[in-house]
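We just call them A, B, C and D in the order they show up, numbering each chain from 1.
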Amino acid sequence: MEITLNINGTEKKLNVEPRTLLVQAIRDAGLTGTHIGCDSSSCGVCTVVLDGKTAVKSCTMFAVQAEGHSITTIEGLAQGDKLHPLQQAFHDQHGLQCGYCTPGMIMAAYVLLQHNPNPSEEEIRFGLSGNLCRCTGYQNIVKAVQQAAQMLQQPTGAAADD
Amino acid sequence: MSVQTPNLEPKGIQGLGKPIKRKEDARFIVGKGTYLDDINLPGMLYMALVHSPYAHAKILNIDASEALKIPGVKAVITAKDLAAAGLSWIPTLAGDKQMVLADGKVLYQYQEVAAVFAETRQAAADGAAAVQVEYEPLPVVVDPYKATDPDAPVLREDIKDKMEGAHGPRRHHNHIWNWSVGSKEETEKALAQSEVRIKQHMVYPRSHPAPLEPCGCIGDMNKATGRLTVYMTTQAPHAIRTVLSLVTGIPENNIRVISPDIGGGFGNKVPVYPGYVCAIVGSIVLGAPVKWVETRTENLTTTGFARDFHMDIEIGATKDGKVTAMKVYTLADHGAFDAAADPSKYPAGLFSICTGSYDFQKAYAEVDAVYTNKAPGGVAYRCSFRVTEASYLIERSMDVLAHELKMDPAELRLKNFIRPEQFPYPSALGWTYDSGDYEKTLKVALERIGYYELRKEQAEKRARGELMGIGISTFTEIVGAGPSKDFDILGIKMFDGAEIRVHPSGSAIVRAGTRHQGQGHETTWAQIVSEELGLDVDKIIVEEGDTDTAPYGLGTYASRSTPTAGGAMALAARRIREKAKKIAAHLLEVSENDVEWVDKKFVVKGVPSKSVTMNEVAFAAYTNPPPGLEPGLETTYYYDPPNLTFPHGAYVCVVDIDKGTGEVKVRRFVAIDDCGTIINPMIVEGQVHGGLTEGFAIAFMQEIAFDEQGNHLASNFTDYLLPTALETPRWETGHTVTPSPHHPLGAKGVGESPTVGSPAAFVNAVVDALAHLGVRHIDMPITREKVWRILRQSGIDSF
Amino acid sequence: MKLEYSGQEKVQAEPEKVWRFVQDPHKVASCLPDLKAVEIKDEKNLVATVGVAVGPVRGTFKFNIELDPRPEENKMLVRLRGGGLGSAVDLTASANIIGQDDQTTLLDWSGVANVSGPAATVGGRVLDAQAKRLIETVFANMGQKMAEV
Amino acid sequence: MIPAAFEYKRPMSLEEAIDHLAKHGYDARVLAGGQSLIPAMRYRLAQPGVLVDINKLPNLSYLSEEGGMLRIGALVRDTDVEFNKDIQHRYHLISDVSMVVADPIVRYRGTVVGSLCHNDPSGDWAAAAIAARAQMVIKGKNGTRVEPIDQFLVDSFATSLGEGELAVEVRFPTPNALTSGAYEKIERKVGDYATAAAAVQLELNPDGTIKEAGIGITAVAHMPLRVVEGENLLRGQKPSMELIRAAAEEARKIADPTPDARGSAEYKKDMARVLVGRGLLKALNRLGVAVA
């Protein structure tokens, strides 16, 4: 069946089966930054943002269900060449190694900061506990989210270059 | 106050010891990495596999007719079809052979039985579900101790009468090999004469590396050119190319292996798996590219497991705590085929590092390997070939001994460490340790955590009925395999290669035979070259993973990249510097003897104002080379390390125990590592965080378990437990630096130390918390229930 | 995974009637819940296709069933092998057929099932209670139908 | 892994949804959050012929207090509950549960009502609904019925929902100032099914005695259970350690768990006891009652 998905602000017409998972549809649309790591909705590497404020493991939603929603993936986060503070902070704090969990982790952190702009270390660990990372031991991811939270709260910092 | 956006692009020379940010991050943080499943080729087909529900069964019939009726399904292959191509069995790294698709019988649950090729992923999956296989179940061997019972079922019909194996005689149809090192007689004598002796049985349970990206492969046979391109999630692309050439008969120059970005490896992506072979055969037969990407279930149930060592140790000591001798017997469960990834001469890997950091005069270690109805593997999961098992064994045993002697475990260790002046230290089991200062590292760790205050706190708490424990691990690793006199895989010596090409404008491209999976080679290799050649680190790009362009090398695993390729990189750079010096002399119009390398520049001796930079030399190499000198500035260096390196560390862990549920909470964990010279401290710290987390997971959660029928009990991430940010403790890290005397940079490698060293610290801490109840050992994973059982048996109960 | 169950079913019929019932593969097959198809090979062997709904697990399983009546031991054995959903089930059940004073019969049954494949490895957490219910249903159906005959 | 093919229905009205469910009966499954169903479909352990996606149905996303009840519509996500300040302040038991269901990302999609309809033996919401004496609102061709949770939850994975019926709401009684509760769960890691968990709800009389008690335990039997004897022991009594121990012991007695990798039956039974005890202590603590 033909569906239209709004991914990163662009309407994409896709031909899918009802059983096509959202993650597969996103990847088939050429946006391969969203990854697949398990079949049990456990690892979170496929996490994308739905309607700006909520996240979903895109392996646990059918593509047809995403019609009428806006989807944001890792590719939609930077403003042109300017990295989103989370992307910048993951780089600055060595919050990634192999990079496979990174897109999902960043999207999970993105919605976490929407709901809690100034989280404590404990709250970050809690909020990211639906996303697995095998390389970093999470410690630098926590630091990265703290840095991003700070950057986002400093209008001068985030907006200065706009 | 405003937060400055940190500078993304540090400028200039950034050599050793600088925490520069990683060059490879740029693509990953915007979702532009290229992992295997991100690659799509025109006309590509998809493959799905059919798996056995039984752990041991005869195959009576395979009926693919329903599958072939599904629109889009192109072909279904079984062992029979592979046999026609001579590929129904392939050699393993350990000198055994393994089935590609089940040939007449299945030997473990989820074993690959048939491969389905289709135009879409959906059709391939539907096809696999529609293949009907008829089985006749056979008795199952799950317990390795029962594998060699006289009446144990024959697992390997193919070699049941072949009593000479790749590593010597076999004594039973399910026995693989026996391996031993050291003098049994002298060790037993020393033990008999020891004033104190301890014996302990312990199991290092079966585990799995489970990188978040599963394994996968695209076979792409171009029938017009005869060239086979294979995209593969492999940590060792060159070795794979050689193996593929040997098994398929395709000349090696007609095979190109490309290992794209890898989403974590940890040893899982070293071996050749049946799925790879099927995808390649499929491409050859069908004339189209074929992609296969594992499901998580396939990853956990069929690809390389790790550990599964069942160990018995005996240690002798004097009454005042000086160790005298150790004797170890280990039963190794290798599953259905011996596919352990070890250097050829070492079927039990480097397990003989089991004397650890201690000055044992006598030691003996013996290992028997057996077949069971489980998936093959025995990969070095964030481990240098069984070092993890050895380190756990000795570090756990030292605590058992301390308990027996009623000695503080830190004091016992301090009393028995190999002393700095004893290096190079010949160990009782035949290794020559390069360097170390174990006492210093332990003292730094004890100081950092406040060890003696914690012991006081523990005594007070114990008096109040509260349970806390402190665990120490002071491990020594053996990494960087290895020197060609001892180390090869399938005959290929374990050197590694590096190539440097300096361009006229002072930028460079650097290639290595290793393949990173998150370790940061694109940054550290550039730092080494920047250090050695004085080039701007941002003008150095690093490439790995394409066998058409990279120099030969054995790949990235076993903490070998820095000890081998890192050494090659430094020596390649130095070779370039030698040539550059000639060009510099030409530019400075002095003789070569009057030029020296000072502060990353060529300077005329005694005339500091007269100098040229490497950039100037590079330009001259192409525009104005000295007469008679070959133009250009590039080289390739193959480094055969003279010895292994021996990183060490001291870890201290503090735990609190919940008396109601048995839950163990890690309160603090201090890790002091000594990996010799540090190239990038930020990356080293990141490696330590990750490795500690995997050690934590192994100690408390991760286990590949089976039931009596051979059902795999950890076939997905709801049953194979990887810790999240919430369970993972906060790590406190630090370093001492004892350079390796033989490595060109003094570096030793660090990627695996924390996984090797930490499990014993966790277990020691839990046992320490319960020691006053008479507890001496608990096998991993330490579940709440294991602790709860001890508590309730001791009459401890609480909400 | 290995599952073991046992139970007793009181049948409102005499043992002779019960014996006639269990030696008729058609009748035995009729006791399987959600039977979709049955093929009787001979008087001791049948192939049955049944719908199985175990919690979220819903699918079709195909079983080869062998009936092994042993009147001399007052015992009936049933062996079942088959599968579905990529999984396999091997079950051996036995029932002691015990005549009672009041013209009724007691079926004293026990069964051991080995389940392999995803149904065990993924669905194992919830399989036990559900499988127990299934096997109890089979014997309850038997008790009921034996009385009806 | 890829689910087997199915027919997809996306009704735009409740009537249309009920029509689909009535027509397809056994073959149809309701797709709400899908956080249990879709993974089961990926393993092909669930192969429903028809999926009726209710996510576009109007007016099912309400979370409101009305007539002494908190009404949670069928499309209210776990996070809607988790992030609701009012619930955090007044509905302690519900707030506790909302923070430990599955994992934080799954909670953005999973629904409270869907979880109750799934009635997994380890369901978190079912234990809370039992303890808080919730009610289900069910719509079908024959109109609407309201059913106490104890009648709604029939067996593991089974509810009183008939073919052609849809659960549209769950109602939790609004706690008064003398009511509090708690949810105590142990899991091997975030996202795992509970090893054992206990939900408790206590209402005190002004004199400090217990007016009403609700105790639900989960993951320790074929389905979530009410600890009736424990509730009976508590009712009318003044809280004491002895009383709490006795009530908690009742949970251990009725628990009948299946042993698995999470623990033996013996361990899970004891955890039912420990967690009920802890839950009671926490609820009392939240009511300002310190128990000696």
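Going forward, contacts are C-beta pairs under 8 Å (C-beta built on N, C-alpha and C of every residue); 3 or more make two chains touch, one makes a residue touch a chain.
Because the structure is predicted, anything quoted here is derived from the model rather than measured.
In terms of the stated touch criterion, the partners common to chain A and chain D are B, listed by label. Of all chains, the one whose Cα centroid sits at the greatest distance from that of chain A is C. Interface comparison, B-D versus A-B: the pair with the greater number of contacting C-beta pairs is A-B. Inter-chain spacing, taken between the CA centroids of chain B and chain D, is 44 Å. Averaged C-alpha coordinates give centres for chain A and chain B that are 30 Å from one another. Once the centre of each chain is set as its mean CA position, chain A and chain C turn out to be 51 Å apart.
Look at where the CA atoms of chain C average out and do the same for chain D: the two points lie 34 Å apart. Shown for chain D are the residues in touch with two or more other chains, namely 1-2, 4-5, 43-44, 103, 190-191, 193.
Residue positions of chain B with contacts to 2 or more other chains are 121-122, 129, 295, 297, 713, 716, 718-719, 722, 724, 726.
Along chain C, residues 86, 118, 122, 124 each make contact with two or more other chains.
Pairs of chains meeting the touch criterion are A-B, A-D, B-C, B-D, C-D. By the touch criterion given at the top, residues 1, 17-19, 21, 39-42, 44, 47, 50, 54-57, 59-62, 64-65, 68, 108, 111-112, 115, 126-131 of chain A touch chain D in their complex. Chain B meets chain C in the complex at residues 51, 53-55, 109, 129, 135, 137, 297, 301, 707-713, 715-716, 719.
Chain D meets chain B in the complex at residues 1-2, 4-5, 43-44, 103, 186, 188-193, 195, 244, 248, 261, 263-264, 267, 270-271, 274, 277-278, 281.
Against chain A, the residues of chain B that register as touching in their complex are 2-6, 8, 21-22, 24-35, 37-38, 121-122, 210-214, 261-266, 295-297, 517-520, 682-683, 685-686, 689-694, 716-718, 722, 724-726, 728, 730-731.
Of all residues in chain C, only 53-59, 85-86, 118-119, 122-126, 128-130, 133 touch chain D in the complex they form.
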